[in-house]
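The next part holds the structures, each set out as structure tokens.
Shared between the two complexes below is chain A, which pairs with chain B and chain C, respectively.
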Partner chain A sequence: MESLLEFLIQGIVLGGLYALFAVGLTLIFGVLNVINVAHGEFFAVGGYILFCALVLLHLPAVLGVIASGLGAFLLGLAVYPLLIAPLNRRLGRRPAGSLYLVLTLGLSTFMQSSLLAIGGGDYRQVPPLVRGILEIGPTGVSYQRVLVLVVATILLAALFAFLRWHRQGLAVRAVSQNPEAAQAMGIHLARIFSLTLALGVALAGVGGALMAPLFNVYPAVGFPLTIKAFAITILGGMGNLAGALLASLIIGVAESMVVIVVPSQWQNGVAFLVMITVLLLRPQGLLGRAAVR
Partner chain B sequence: MSRRTLLSVVGAAAVLLPLLVAHPFVLSLATQALIWALLASSWDLLSGYTGQISFGHAGFFALGAYTAAAASKHLGLSSWVGMLLGAVVAALVGLGAGFPALRLRGHYLALVTLALAELIRLVAQNWLAVTGGPFGIYDFGSFTGLPASGLARARAAYLLVAVVVAAGIRLMLYLCHKTRAGRGFRAIREDEVLAESLGINTTAYKLLAFGVSSGLAGLAGTLYAYYIQLVSPTVASAATTSLVIGMAVFGGLGTVWGPVLGAVLLFGINEGLRFIGVVYNLVAVGLVIMVFVIFVPRGLAGLRLRREGRALRGDAAMTGAGGSGA
Partner chain C sequence: MLEVAEVRSGYGRLEILQGVSLSVAPGTIVGVIGPNGAGKSTLLKTIFGYLAPYAGRITFENRSLVGLRPDQMLKLGAGFVAQAGGLFAEMTVHENLLLGGYDLASRRELAESVDAAYERFPRLRERRRQPAGSLSGGEQRALALARALVTRPRLLLLDEPSAALAPRFIDEVYAAIEALNRSGLALLIVEQNVEMILSVAHRVFVLDLGTNAFDGAPAELRQTDRIRRLYLGESRTESYAG
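Let's look at the complex of A and B:
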């Protein structure tokens, strides 16, 4: 019973991380129609920035996490004008379809190997941002994990509030519903696209910073997460933010709980099996509307 | 120079290479380049030519490699049987992946195949009894009946690989240009709904593309296994898929022979970079993918001196330019 509770708590923490990651990915897909294969590399960048801030520069943890989010945000700002806009310009009115996938796969390879070239392939250890253990009944959970959950909740709440009430957030939602009409209302499309992409990857960057003490940091740390996030977005319904949130928690808890039944090295298979099953049985996902051809 | 003469010149040069160059290292590079060429063109048959985007070819490649290695190691089978088995197993799994693909398009297919490759990697890493886990399979021998060592061996291995690769590519070119299937593939790529309404059996042709493509990717995997003589879970990693897609985009999508060119050149560039001390050569692969997708959609194959007939847009496959796409 104790271990069950422990697995449940760990699953919820994992779900919080997945949500941070998958909601960003879903936001980008919903607005730009781009599936960002390089999302995990921004997670890795966040981890590396935290490593530099904490271990090399001895900055306080709060500054490190903020720097990670900011760094990923700034990198993300460059993606639309440098990669996606030129491709759109060449294609003109033709839809890009899967070319975005190939393009961001290239970005992923480029970023991952650049990190490898700059930082080397070693696993970098990062000290915990906070120490100590929170006792919950018969079991305990480290404050580091609590921090992941708390920050993820705050950031996601802030994002939803931004989209709901802020003027720019309103513009983002307008663009996601109908780019042409939004443009006709005087919304600067390129600016909204850049902003959305940057916001989405900034969430991944913060996630990378928060998880760095638990996962260590290495160039490929984010890629498996990207694939899992695909599974999550498909389970939740492509482009559906609430669905992504719900699916993240489901996958996170399922991954932790499955250890009770099968050996832990198969844990990572859960997401992929879920993804294949969902696509076969209910391709629109849990909360998605049936829009799939 | 027409494409046919160009291809025969290249083919002749490929056969003559082991006679002209008497250096095992160069031959080894050339052999590996050919294996990549088969993998890249098999990806192109499915994704570039038929328009069914696969992000899982590393999985099919690994499946072939592991099947061959395990067959030789645990059952003591000869490499000929191993190659056949590897190709057949990969083709069967490819067909299995093709069934959901009948309902999925574009993004979804790419994501499912990516997950499939990741599952294959997971099995390779954890099924210790058969796959040897993270260390992989080794000590299972090379191609049956090769000379023991030295230049003679390098030459024989090169010729064997060259013949198998050429046969595989020839088969795909034949399918694409000389049979109804080729027209079926193109019709699916250009506009699947229209193709279906014209009475083309898109289901059968899609499955055929899946089977042939994954089978030949598996065959490339078996060649890799017997040539390198070590198969570890890293071959199934997404980096392999990324490299292959990079080769195909570099060479030219939707041509089958363009990716062969792309593979040989990109592999050559990679090894060249390694030679002058740049170890992290996938940076270049990432750059090549991005630059070519944005600015050079037809790849190197599109940079012909003289246009031949009606040239399709190189990336029409992925943009769904034909009509009802997206």
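Let's look at the complex of A and C:
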């Protein structure tokens, strides 16, 4: 019973991290129709910025996490005008998704190589942002993991509130539903595309910072997470933010609990087994494909 | 107010408009009719900045519109309502109206404009929390009109406001259009429903294969045999007899 509770708590924490990552990926797909293969590299950038802030510059942890999100946000702002818009202009239209896939795969490899060149290939250890164990009945969970869950919850709630009530959030939703009509409202598409990309990868950057003390930091740290986030996105329904949130929690908890019944080597395969099953039985995902609502 | 002179435009290498000219005077309703593929919607999209013209001149209140994006047109005082309304179907009526005022600088101005839209179309206030996609066809067109009016444009471009509507809704939409015109708004309307547009327009342009085929008052158009046959569905015998 103790281990069941422990695995459940760890699964929810893992689900929180996945949500931070997959909701950003889903937001970008829902608005720009771009599957961002480089999403994991922004996670890695977040980790590296935290490493620099804490280990090299000895800044407070809060500043380090904010810098990670901000750094990823600023890098994300450059992706649309430097990569996606020129491709669209060259073709005279928005290309098929597969071309974006190749484009962001190139960005992913370039960012990994850049991180390798600048930071080296060593695993960088980052000290915990908070120390200690939170006792929950007969079991406990580290405050670092609790922090991941709390920050993920706050950021995702803020994102959903932004999309629901803020003028620019309404514009993001409008562009995801009908870009041509959005322009007739006075919405500058390029600005909204840039903002959406930046917001999406900023969530990954913060996730990378929060997880750095648990995962260590190296250039390819985010890539496996990107692949897993694809599975989560498909499970939730492509472009469906609520679906991504729900699927993140399901996959997080399933991965954590599965080791109770099968050897731990199977743990990483769970997400993909679920993805394949969902694709075969319900290709539109749990909540269906939808625009960013 | 709006001058379009010898405009050529289209999609990539496919030239649809081959030297179209028209003008809209302040406070008037101008109709554009023509068969499918004549370039009516292409004309509106070119005027509003969705398509860049290959050649020609487009001016609004003596300012060139060539090279401007649709989002910049709003600032100049022009609005656009797409075919079928171009609503954000999954967003509520109120959110659609708020987006209509996306360009307004102050929250107070936005609140006043949205309130004015509810005053003009009271049924929308009752439906304010409903998704736009759940409204009836007539209500959707009313919402599209109301949304386009939030920024108080001086010229409104409408792409087939009666398309896919039941007759009673068409009457409602055109009653609203006439009311808007009486308040001073100029409208450029592309329409398939020829009888309806002829009943409200002050001037009509007929496009055929991307060129001007007629320009004049609706009464003049009714007296032109070829145009009557083509666009008013009158038989050859009647036309010759007339």
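One rule holds for everything that comes next: the second predicted complex is superposed on the first by the 286 of 293 C-alpha atoms of A that agree within 3 Å, B and C clash if a C-alpha of one lies under 4 Å from a C-alpha of the other, contacts with A are read in each partner's own complex, and residues count from 1 in each chain.
Quick note on the criterion: a contact is a pair of C-beta atoms (placed from the backbone, for glycine too) under 8 Å apart; a residue touches a chain by one contact, two chains touch by 3 or more.
These numbers were taken from a predicted model, which means no experiment stands behind them.
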| item | value |
| --- | --- |
| First (chain B), second (chain C), both or neither touched by A:281 | neither |
| First, second, both or neither for A:167, with chain B first and chain C second | second |
| Partner chain in contact with A:111 - chain B first, chain C second, else both or neither | first |
| Partner chain(s) touched by A:231 [first = chain B, second = chain C, both, neither] | first |
| Which superposed partner A:187 touches (first chain B, second chain C, both, neither) | second |
| Which superposed partner A:92 touches (first chain B, second chain C, both, neither) | second |
| Per-residue touch tally on chain A - higher for chain B or for chain C | B |
| Which of chain B and chain C A:177 touches, first, second, both or neither | second |
| Common interface positions of chain A, toward chain B and toward chain C | 293 |
| Touching residues on chain C, where the partner in the complex is chain A | 12, 48, 50, 69-71, 74-75, 79-82, 86-91, 95, 98-100, 102-103, 147-148, 151 |
| Contact set on chain A toward chain C in their complex | 92, 167, 170-171, 173-174, 177-178, 180-189, 290-291, 293 |
| Contact set on chain A toward chain B in their complex | 35, 83, 86-87, 90-91, 94-99, 101-103, 105-114, 116-117, 223-224, 227, 230-231, 234, 238, 263, 265-266, 268-269, 271-273, 275-276, 279-280, 283, 292-293 |
| Residue ranges of chain B touching chain A (in the complex, touch as defined) | 53, 55, 100, 103-108, 110-112, 114-116, 118-119, 122, 125-126, 238-239, 242, 245-246, 249, 279-283, 285-290, 293-295, 297, 315, 318-321, 325-326 |
